[in-house]
Each structure stands twice: as C-alpha cells, then as structure tokens.
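Once you scroll down, you'll see the structures, which are given as structure tokens.
Next come two complexes, and both contain chain A; in the first it sits with chain B, in the second with chain C.
Now for the complex of A and B:
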C-alpha cells in the first residue's frame, strides 16, 4: 500500500510529513534508553514480518501487521514503522522519498489507534477474548490504513477515485487475513510470554 | 554476514573501479543530493522534463557501474505495485479520446498523467537506490545522525539494520521447523493460525533477545551516545558532485518553469 512520488498533491504530501513528524516525536519521547533495544528489535521483527507472503487462493499477499505493531509498541509504532519504510525505500526501492511522511502516517496512525483503544482491553481479558479483540484491532488497522490511502489519493484529484475504491475493495481479504493472524499471534504471545505487551509499557503516554 | 539490506555490496566488490567515485563522495552529500533531486523532480510536471530527469537517473546508474539488471528489476517491482493505478488513469481523467474499450473511454490527458507519475516515481527511486542504497546500512545511520536526525531515531534505525538479518534467519529456521513437521501453506484457517503463531513466536523471541542485548549493552557502559565510526569530511569530490547536481537541477527547473510554451 505504498504511494509513490509524483502521485499526490503537494498539500497532502506536506501535511502528511508534518503529522508524521509529530507522531514520530511522540513515539521517541517515550523511548528511554532502557526501551531502545526492545523497540529496535521489535521494529526489525515487523520489517521481517512484512516480507512474509501468505497464500490466499491462487495468489499471495504480504503481511503489514500494523495493528499488531500498535498493540505491542504503542506510540513507538510511529518511529518503528517509519524506519521500516525508510529502509524499504532506500534498499528495496519500494514507495518513495517525498512520500515517506504520508506513507508513515497512513500506516502508523491506525497502528497507534488500535494499540491505544484495544491494548488495555486485551490486557484485562482472558487469552481467548483478548485474541478476539486483537483480531478486531488487526482488521481495524488495515481498514483504516486503506481508507487513509484512499483519502490521500482522493484529496489529490478526482481522477484517483476509482483507484482509491479499488484499493479498498482489494484489501478486504487482507483485512480478514491480518485479523486472523493478529489474533493468533496475540493468543500465542499471551500464553508463552504474557509480559510481551509490557515490554514497552511506559511507551504509552 | 550476508545481510538482506545490502545484497548489491557483493556484486559491487567485484568491479568497484567505476563505483569508486561514488564511494569518494561524502554519504551526507549523497543523502542531501538524493533528497534535493526528489523534491525538484516532484515539483516538475512537463513530460519532457520528467523524461530528462529519468534519463539523468539512468545515467547515474550507468556511471555508478551498478549491476544494471538487478537494480532495474527492483525498480520494476515497485512499478508492479502502481501498475493498476497507472492503467486506470487514462480511463478516469476526462479529455480527448484515444480509444473506447467496453464503453470506457481512454483520454490522452489521462495517459499523460499516468506517464507523468511513472516517470517521477521511477526517476526518484532510481536516484535514491543509486546514491543512498549503495551505502553500507550502518554508514547510512551515521550519516543521518550527522545530518541531525534525532539520536533515538538513529538508534532505532541502527537496531533495525543490525537485527533484520538475524531475525530473518530466525524466521527461516522456524519455517524449516514447520516444514519438516509437514506444514504446507494453503488458504485455510490452519495456515493462518500457524502463521499467526509463527509471528507471535518471532515477537516473543525478539523481546527475549532484546533483554539479552540490553544486558550486554549495560555491561559495556552504554550511555545513549552514538559513537562516530566515520569522520565525515567534505572534499573536492563533494564540490564536484554538488556543482553537477545543482547544474542538473537548474536545467530541469529552468526547462519546467522557464518562459517557453
């Protein structure tokens, strides 16, 4: 769901960059020295997870897992996902340079929102109920990201409206897959290492 | 260490004669250069100018003597992402008709818009991959630090660079373990649950690893400072690079915004 250079209108690109910078600053503020290794290694894990391709019918999709990133990292998901997008642009040629801000915003804001809304609920409930909430978070994050990508395109010009609608419809199966995976991942993590979600506990200001 | 982020390095090492000039340019100049080029190209919208900008990126690729095929292949991978949007554009922008397919009319204006986006995106990404993507990832971190990127963000970047390779190996080990137990990915609940457990396990292991890392760093007196391994110095090569870049951008912008029709 990368937007490339040259597609968006300047106000959208600049607005996205400013908001993303704000989000990154929020995320960094909460990262003390003690938490940097955990945040760094988790941000590398989400980069690796985004390379995983999951079969769907005759095709396959790559994972985004921004909902899970938000649940685990809280506000730190902003800088973590920014770092991932930067590395992808520089070394893989995915996305673009001037659109780094808006791409970060589109992926990280839904991540942080799902973390803030559902994190406390998951912590309170039993593993099975927690997994259901996590699944909702995973679906919400992908859905919101898709809507934000569609909105960025539509704000840039009416000619993108069909493309934006297509992006949304095409991602409905991705939402389902991400929901299932996020639910399973959170269920396992709660069973194996319940304090995974506390690794960056203070990271939610 | 075979690192996923720098596969080109190995190819570069074989014939680094030509890439030598690129290595002599300060990493900071290369990052700034790529960024300036990106902003200038995004500001342009004339097809001739964008074509020229893309030609400049191609020339840069040739001059850097990078392996051409793999680099262009990566660029094409990005085009795969946006192909659908580009194909759709001629049909959604109103204007002079080229052809009518199943009741939908493609317009020249829409085609021009699609070509514009494709040229911009490819010119920027190619220049970025040649100028910045050829750096050691760690050098990129140090250069961004020297360019005043916040220290904690640089730490996060460095940790990602360092552990992406390690964690990917761990992922592949887990996949092998699944495979020898007869796991074959299909479109079903079992597959998605197994992948979810796989991701969950990766996160658990990542956090446990980070605890060991923190211990090791504390033991060595880590204080949050980034020790500069590289002392960056601007040389004559940077002046030449900067002059060449500014000249190119001036020509591009003059052609775009100049007083001609």
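Now for the complex of A and C:
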C-alpha cells in the first residue's frame, strides 16, 4: 500500500503532493478542539496498525484502518493520516519522504469520501445498522485506496488493469478484516459513548 | 469463471504484495557484480528480472535473480552500472555501482583516471597482493567467502529493518506530542477569543 521512492514519475509525485497539501489544509480547518484527541488516537492506531501482520494463506497482510479514521474525522483524516505516514516513513522506512504526498492522498482521500458519504448515515441510524454502514465504509476505503494506488502507477507508465488487479486482489482479505474491525469499532463507540458521532458531526463546520 | 478466479488468486497470493520496503544492494564478486533484492519482511525476490543501465540510461543488459534473491552480472565496460528491478505494485529497487568499482572488477583503471592503453598494462593495485595465488585458487577463496558472508548479510539486512518496541513507542510518543501541541494551540486560541 505504501508506494516507495522512485516508483512513480515526477509529475505524479508533485501532483500528489499538491493535492495532499490541499487536503491537509482542508482537514486542519475542520480540526476543531473537540476532534483533536480523536484525531491523535486514530493517527496513532493507523501508525501501529501497519505493524500488525495478519497471516492469511501463504502471505500476510497488514491493517490500514483508514476507513475508521475517515468515518470519525471526515476531512480531518488528512492531517491525522499524514502524521501517521510521515512517522512510518521516518521510523520504519515504509514508503518514503518524496512520495509522502501521493501516499497521503491515496490513503486519506478514500477515507474522507467514505466519511462524507456514510458518516451522516451512521449518525442517523441505529447502532446495528450503523455498524453495517461502518463495515461498508471500511471496505470501501481500502478498495478505493487500492484503485488509487493502481491509478498512480498507471500515470507513471504501468498498465492500469494488471496493476489494479494485482493490488486489489491482494487486498481483498484486508477489506474483509477492516470491514469487520470498523463495524465493531463503530458499534462499540456507539454503545459506550453514543454521542461520539453526533458530537463530532456537529462539530464539523 | 470461478476456476479462473481461484487460479488468479492462487497465483497472486504468494507475491509479497504487502511487504513494505525493498532492500537491494550490489557488491563486487570476483569478475562479476553480485546483488541481492528482497523485502523488508525477509522474503527475497526470486526469479526477478533485473535490468542494467549505464549512467545515461542506455540499457546494457539484464539478469534474473536466483532462488535466494541473488543475481550476478558480468560487466564489460568500466562505466557506472545502474541496476533496476520493478517488483510490481509500486515496489522498485534501484542500486548503482560507481565506475571505479566496476573498473576494479574488470581489472582496469577507471576511464577518467587513466588512458585505456596504460590501464591495460597491469591489474588494479588491490589484486597485486593476491598475485602469488593462481586464478582458480583466488576464485575458490572468493566463492567460499561469499557463501560465508551471505547469511551474515541477510541477518544485517533483517536487523536493519527490524522494528522494535522502542521505535513503536517513540512514534506513538511523537503523535501524542504533536496532537497535544495542536490541542494546546487550539485551546489557547479559543481561550483568547
């Protein structure tokens, strides 16, 4: 999921950085006082989630948790995921510093999309239905991220269809796990702190 | 249709698509350049095509990695060699060997250091020490040293990419600090307002 330094053409890297900067600016504007602790916690979970390898078949996958961040934070997922990616690049050498922008865009934009589409639905519906929507949001964020990774590779000269198939198929298990995890997390949050979603949605400018 | 899907899945699953980082290095190995390509999770890239370019991007040739992710390439000209492998899904390995190292492998001086005519006169200084040994002996020793070094090299690479608890806690600490700072600034702005 992390594209490494040198894999992409320069225009793609620069374009990604510009768009990611725009997203971060949007996110910082919507990052209200109430949202900052949640953003920090989700940023930390994103940072650590990549280290949790779940063995599936002959390979292993790692979690991304961008859907959950998007559902809770909306646009504020951009700065939260950016911080997580930056520290992953610095501490673990995942991805790289020059591709930070495009990686942020690829991971945070699907998160924001799922948050904008499903966030209001979750806030309105009952906890169980909300959990189902959250699961869909979690899977959607991963799926969209794989497509964006494939699109970035295509813009750099790779063939889109094989690249997309490769990344998408490889992440089907991740989508399933993330859907369950996101659904469980949202359900739990609704049970123990029912006002989390309403409060954060209300805090959105 | 279903069978085709399963076949695709089986074909795609073993690929290290989730590995994070590509690790690659090249080093002189007798009269050839040896290199290895692998992923930060310890898996090696097997059967991977490695393309070889010179400094200006002209393709010099290509080689394929063996079962342990190692490849051999015999250089023919003392120019900078750039090795590039596309492992798919955004993973690209690129490593370079500077012209003087390639020249040392070939036993000629680097082109910028001396004229080719004089360069051919004698082997590089580093090889003079082993002059009393025959070519076969030298190669046998080199082979043994290489085999002995392999596990060490792999262990060092694995260690370099090992994430221990301290690193993880450090990262979480940074996140807490950053968001704490943001919280402080936001709170101060609100109090001032």
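By our rule, the second predicted complex is superposed on the first by the 169 of 205 C-alpha atoms of A that agree within 3 Å, B and C clash if a C-alpha of one lies under 4 Å from a C-alpha of the other, contacts with A are read in each partner's own complex, and residues count from 1 in each chain.
Criterion: contacts are C-beta pairs under 8 Å (C-beta built on N, C-alpha and C of every residue); 3 or more make two chains touch, one makes a residue touch a chain.
None of the values given here were measured: they were computed from a predicted structure.
By the touch criterion defined above, A:40 lies against chain B and chain C together after alignment on the C-alpha atoms of chain A.
In the superposed pair of complexes, A:87 makes contact with chain B and with chain C alike. Number of chain A residues touched is higher for B, counting chain B against chain C.
Contacts of A:24 after superposition on the shared chain: chain B is touched, whereas chain C is not.
By the touch criterion defined above, A:62 lies against chain C but remains apart from chain B after alignment on the C-alpha atoms of chain A. Of the two partner chains placed by the overlay, chain B and chain C both lie in contact with A:166. Touch criterion met: A:152 reaches chain C, while chain B stays clear of it. The interface of chain A with chain B overlaps its interface with chain C at residues 2, 4, 6-7, 31, 33, 36-37, 39-40, 43-44, 47-48, 51, 56-57, 83-84, 87, 91-95, 163, 166.
Interface residues of chain B, counted against chain A in their complex, comprise 5-6, 34-35, 38-39, 41-42, 74-75, 77-78, 81-82, 84-85, 88-89, 91-93, 110, 113, 116-117, 119-121, 124-126, 128-129, 132-133, 137, 140, 150, 152-153, 155-164, 166-168, 171, 185-187, 189, 191-204, 206-211, 213-214, 217, 222-224.
Within the complex formed with chain C, the chain A residues making contact are 1-4, 6-8, 31-33, 36-37, 39-40, 43-44, 47-48, 50-51, 53, 56-62, 83-84, 87-88, 91-95, 149, 152-153, 163, 165-167, 169-171. Against chain B, in their complex, chain A makes its touches with residues 2, 4-7, 13, 24-25, 28, 31, 33-34, 36-45, 47-49, 51-52, 54-57, 63, 65, 68, 72, 79-80, 82-84, 86-87, 89-98, 158-163, 166, 177, 180-189, 192-193, 196, 199. On chain C, the positions that touch chain A within their shared complex are 8-9, 12-18, 20-22, 40-41, 86, 88-92, 94, 161, 163, 167-168, 170-172, 174-176, 178-180, 182-183, 186-187, 190.
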